[in-house]
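One chain, subunit A, appears in both complexes that follow, with subunit B as partner in the first and subunit C in the second.
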Partner chain A sequence: MEHHQSKSFPISHVIGFVVSLLLTFAAAGIALYTNLSFKVIMWIIGSLAVVQAGMQLFMFMHLREGEDGKTNLVNMIYAVFMVIVIVVGSIWVLTSGHAAH
Partner chain B sequence: MSAKVDTSLPLEYQTEQDRMNILGFWVFLGAEIVLFATLFGVYGVLYERFAGGPTHQDIFVIKDVMIQTILLLTSSFTMGIAIFEMRRHNLKGLITWLVITLALGAGFLFMEINEFIHYAHEGATMQTSAFLSSLFVLLGTHGAHVTLGIGWATMVIIQLVKRGLTPTTARKTFIIGLYWHFLDVVWIFIFTFVYLKGLVA
Partner chain C sequence: MGIKWDEFFITGDPLILGSQIAILLTMIGAVAGITYLKKWNYLWTEWLTTVDHKKIGIMYIISAVLMFFRGGMDGLLMKAQTARPEMEFLNSQHYNEIFTTHGVIMILFMAMPFLIGLMNVVIPLQIGARDVAFPQLNALSFWLFFSGAMLFNISFVIGGSPDAGWTSYFPLAGKEFSPGIGNNFYAVALQIAGIGTLMTGINFIVTILKMRTKGMTLMKMPMFTWTTFVTSILIVAAFPIFTVALALMTFDRLYGTHFFTVSGGGMDMLWANLFWLWGHPEVYIVALPAFGIFSEVIATFSRKSLFGYKSMVFSILGIALLSMVVWVHHFYTMGSGPAVNSFFSITTMAIAIPTGVKMFNWLFTMRKGRIKITSAMLWALAFVPCFVIGGVTGVMLAMGAADYQYHNTLFLVAHFHYVLIPGVVFAVFAGLYYWWPKMFGFMLNERLGKWHFWLFVIGFNVTFMPMFFLGLNGAVRRAYTYSAESGFAPLFMLSAIGSIVLAAGFAVFCYNIYWSIRYADRNISSDPWDARTLEWSTASPVQFYNFAKLPEVKSLDPFWHMKKKNEGLTLYDSEIEEIHMPSNSWLPIYMGVIFGIAGFLLVFEWHIGSAVAAIGIFAGLIIRSFDYNEGFHVKKDEIHRIENAWRKTEGEVHDHVS
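Up next is the complex of A and B:
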């Protein structure tokens, strides 16, 4: 922790910010200016969003810091699991088969 | 409350009570993620139910969305710098960066309110279609969080001015910082799975 405090320039924050901007513009560029199929575009920009969110968690929010770092990590992994169940599960159940008509 | 203070740690982690508060806030954020997941789920199901009303392509203005995104992303970065300054025990720097963060957040909110007014003028309201109901609930819940965050951070800034940097004010600042970064994380997914998805031809 000591050398963490004495650093005078927040290099990891600046890198995180620049990469976040690049990911944002890359996603917008791919979504708006390419002729890839809807499915391919959604997979690419969805992945870019996950990468950017992960960067926020680790570089800005110090997810694994402190004695509860591991607990935080497990908590977030479980939250991501719940997101997948709720979002993918809802869309799957409600837009396929009988529900679609 | 534990009186044991470990001065080798950053201020906000020095007492057991403060460590527990930070852990508790992470657990709360886990619940917030699930809250937003339900709203994303609803939007994902209903996003093409236009009921004869406006579609994504009719109402989304990509330039304004990009400005909102950059404002919020930059505010997440400046909040990170604020916490960085706090760890260097630089109270003035901390408060300065917090104020910059709030100004950017207010700019975001201003853009979003204008966006909603623009939608309403185009005949796109919550009552128009299932698409717009789910859109407004998702965006509105996020916007309400930003509004709450601005009010909350303002109160933390007042405490910092009055009491200076103590383990308690440092912990409060760190927690509002986590909350603010979380709002940007949610926005990344709104940007991707609402705006960009809606504008892919």
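Up next is the complex of A and C:
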């Protein structure tokens, strides 16, 4: 609130934004316009999602600028926990028992 | 996407026609009244554009009380309809719409803003700060919430209400089975309000981590601050899941995708899964701050510091962690197989452990305390047994196998009302009676407060206790009527009578607010309850900069020790310094309005209009990026004058020496 550090052009944000768009369109293109098997498509677009998440952490989330490593570590562990709960948990719940059919 | 003007206004129902007229008259009345009293300018500069956390909090609370009224009316209508077998007061469609709006409004537009309102008023004061970390974002949160709430509320007079339950399960909520636009209101209005809530979560995490006054370490924070902190973390964890789920729902309904629609290879249960991945943490998002409020109230009126502070903190963290891994208990009957159901049964039952720890901590806080039975304390006392009933029936429901019996019955409905009403409604009432003098400089009437309390608590138990037995006897939820042969009639009647008593309690509460505004004594000290935390160490109502000098904290219950040792209560002229405060802004309310317009057009599937309105959203974002307003400085003279005015009164523990 007191002062803003720099008014220089936010170049990394713009690059991050453009790359995000490219990765997203690539995923959509592979899913919609290729004849690869379902499994292969899932692996490719899943990997693209991980790449994009990682890139955004650096480009948007100031991962390199954190004052102390401890906070970042706690945040990362927490994020990994959330991802496991949401993604792995959902897959487990929706693919076991009668729900699978 | 032809526009169906004939379906724009809902027509043909006398109840709804009555509401349309009432809404119109209220609006005309409000506009005329404000114009007549020449209050537009005051309203704009003091409230609509404010970034002051206290005023934003008060606006949240006012909205929540109004929404409580709306949601409560829905509840009464349902109780009237089921009071006797085969009643023809509401038809089945109308009943569906009403339980849907009731559920959504009570949880998202009553419980959430009520608690967020109290958090807004209290948290910066409790941690000795002058505002939240991002004041303007805070205002934006409020206006987005308000915009979403209004959009949702007009659905019953314009366009038609959502009718697929507050859970809006697919396939029912899909275009195929709900072709009207009612469910678009659900998808869009909750999205807008949800963005606001998410920003609140971020704001409070940063505020509590970065803005605490000197000496207040994490383990010296008041319990309400702790619970708000953990709730904010849960908000940031859970709300994005809902955001995504709603976005997918919107795509399915508006643009023909098939994420959840079975016909196109989608997965209907994925919606239930995502909904509860958010929905269960959401229950704790509203319960945890409520626990914090009870902790403050019980400590203050037992005149002791909270028993087992550390175990309290760890049980909050435990509850928060567990609350992320229990969501399947809402759909055991989906049939995920024994391993899944067993896992989630165990995690669910485990939540009882930290909750039990908290219960005993509250009881031990009261033990050997010099308890003062005020209205606020009464709510906390009633909370304990009522919430235990809710909790124990929760453990019954937690058993996956047994749940096949209870599932979808009124037993469940009784259970969650026994959790939500004591756990949230009692808490916000306690909080309101407790912090009211801090917000407005006078107290709510204690005599009326006790009438409010007894009517509400008795009415609540008479309404919902019979529902446990109805449910065990086989009465299903979300059913608009039942046959005379079922034998349900007497208990349904009893429950309906209870709801009238409950409503009478709420009426006394409203009358209490009116009475106290008109007649309550204005000459009260800034610390009328002899309280323990920092919000009581400044004026009532709090001056806009909160603290002339920021307090220093050495222990838990800092204000209590300041009073005991007579430390830091006196302000010397030499200590006064200029204070830097943020300026008002029109952008948040502008964003609220423009989001509301874009959302409204989207609900009606007028895509082009909606896209045009969305340009306004981007315009707002751009204007904000180029906004270099640095706020303003409060001059020493002004601080001097304001501090003198409240410190130099009789019965005041604070002093000011020139």
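One rule holds for everything that comes next: the second predicted complex is superposed on the first by the 72 of 101 C-alpha atoms of A that agree within 3 Å, B and C clash if a C-alpha of one lies under 4 Å from a C-alpha of the other, contacts with A are read in each partner's own complex, and residues count from 1 in each chain.
Everything below uses one rule, namely that a residue touches a chain if its C-beta (ideal position, glycine included) is under 8 Å from a C-beta of that chain, and two chains touch if they have at least 3 such contacts.
This is a predicted model, so every value here is computed, not measured.
Asks: Among the partners subunit B and subunit C, which is in contact with a greater number of residues of subunit A?
Replies: More residues of subunit A are touched by B.
Asks: If we overlay the two complexes on their shared chain A, which of subunit B and subunit C does A:Leu94 touch? Say first, second, both or neither.
Replies: The answer is both, since A:Leu94 touches subunit B and subunit C.
Asks: With both complexes superposed on chain A, which partner does A:Ala49 reach: first (subunit B), second (subunit C), both or neither?
Replies: After superposition on chain A, A:Ala49 lies in contact with subunit B alone.
Asks: First (subunit B), second (subunit C), both or neither: which does A:Ala28 touch?
Replies: first
Asks: With the two structures laid over each other on chain A, which partner does A:Ile41 touch: subunit B (first), subunit C (second), both, or neither?
Replies: After superposing on A, A:Ile41 lies in contact with subunit B but is clear of subunit C.
Asks: In the overlay, answer first, second, both or neither for which of subunit B and subunit C A:Val83 touches.
Replies: In the superposed model, A:Val83 contacts subunit B only, not subunit C.
Asks: I'd like to know which partner A:Ile11 touches here: subunit B for first, subunit C for second, both or neither.
Replies: The answer is neither, since A:Ile11 touches no partner chain.
Asks: Scan A:Asn72 for contacts with subunit B and subunit C and give back first, second, both or neither.
Replies: Only subunit B; A:Asn72 stays clear of subunit C.
Asks: Where on subunit A do subunit B and subunit C both make contact?
Replies: Overlap of subunit B and subunit C footprints on subunit A: residues 1-2, 4, 82, 86, 89-90, 94.
Asks: Any idea which subunit B residues touch subunit A in the complex?
Replies: Per the touch definition, subunit B meets subunit A at residues 8-10, 13, 19, 22-23, 26-27, 29-30, 33-34, 37-38, 40-42, 44-45, 62, 66, 69-70, 73-74, 76-77, 79-81, 84, 87-89, 177-178, 181-182, 184-185, 188-189, 191-193, 196-197, 199-200.
Asks: Mind pulling up the subunit A residues that touch subunit C in the complex?
Replies: 1-2, 4, 82, 85-86, 89-90, 92-94, 96-99
Asks: For subunit C, which residues count as touching subunit A in their complex?
Replies: By the definition above, subunit C touches subunit A via 237, 241, 267, 269-270, 273-274, 277, 324-325, 328, 334-341, 580, 582, 628, 630-631.
Asks: Which of the residues in subunit A come into contact with subunit B in the complex?
Replies: 1-2, 4-6, 8, 10, 13, 16-17, 20-21, 24, 27-28, 31-32, 38, 41-42, 45-46, 48-49, 52-53, 56-57, 59-61, 66-68, 71-72, 75-76, 78-80, 82-83, 86-87, 89-91, 94-95
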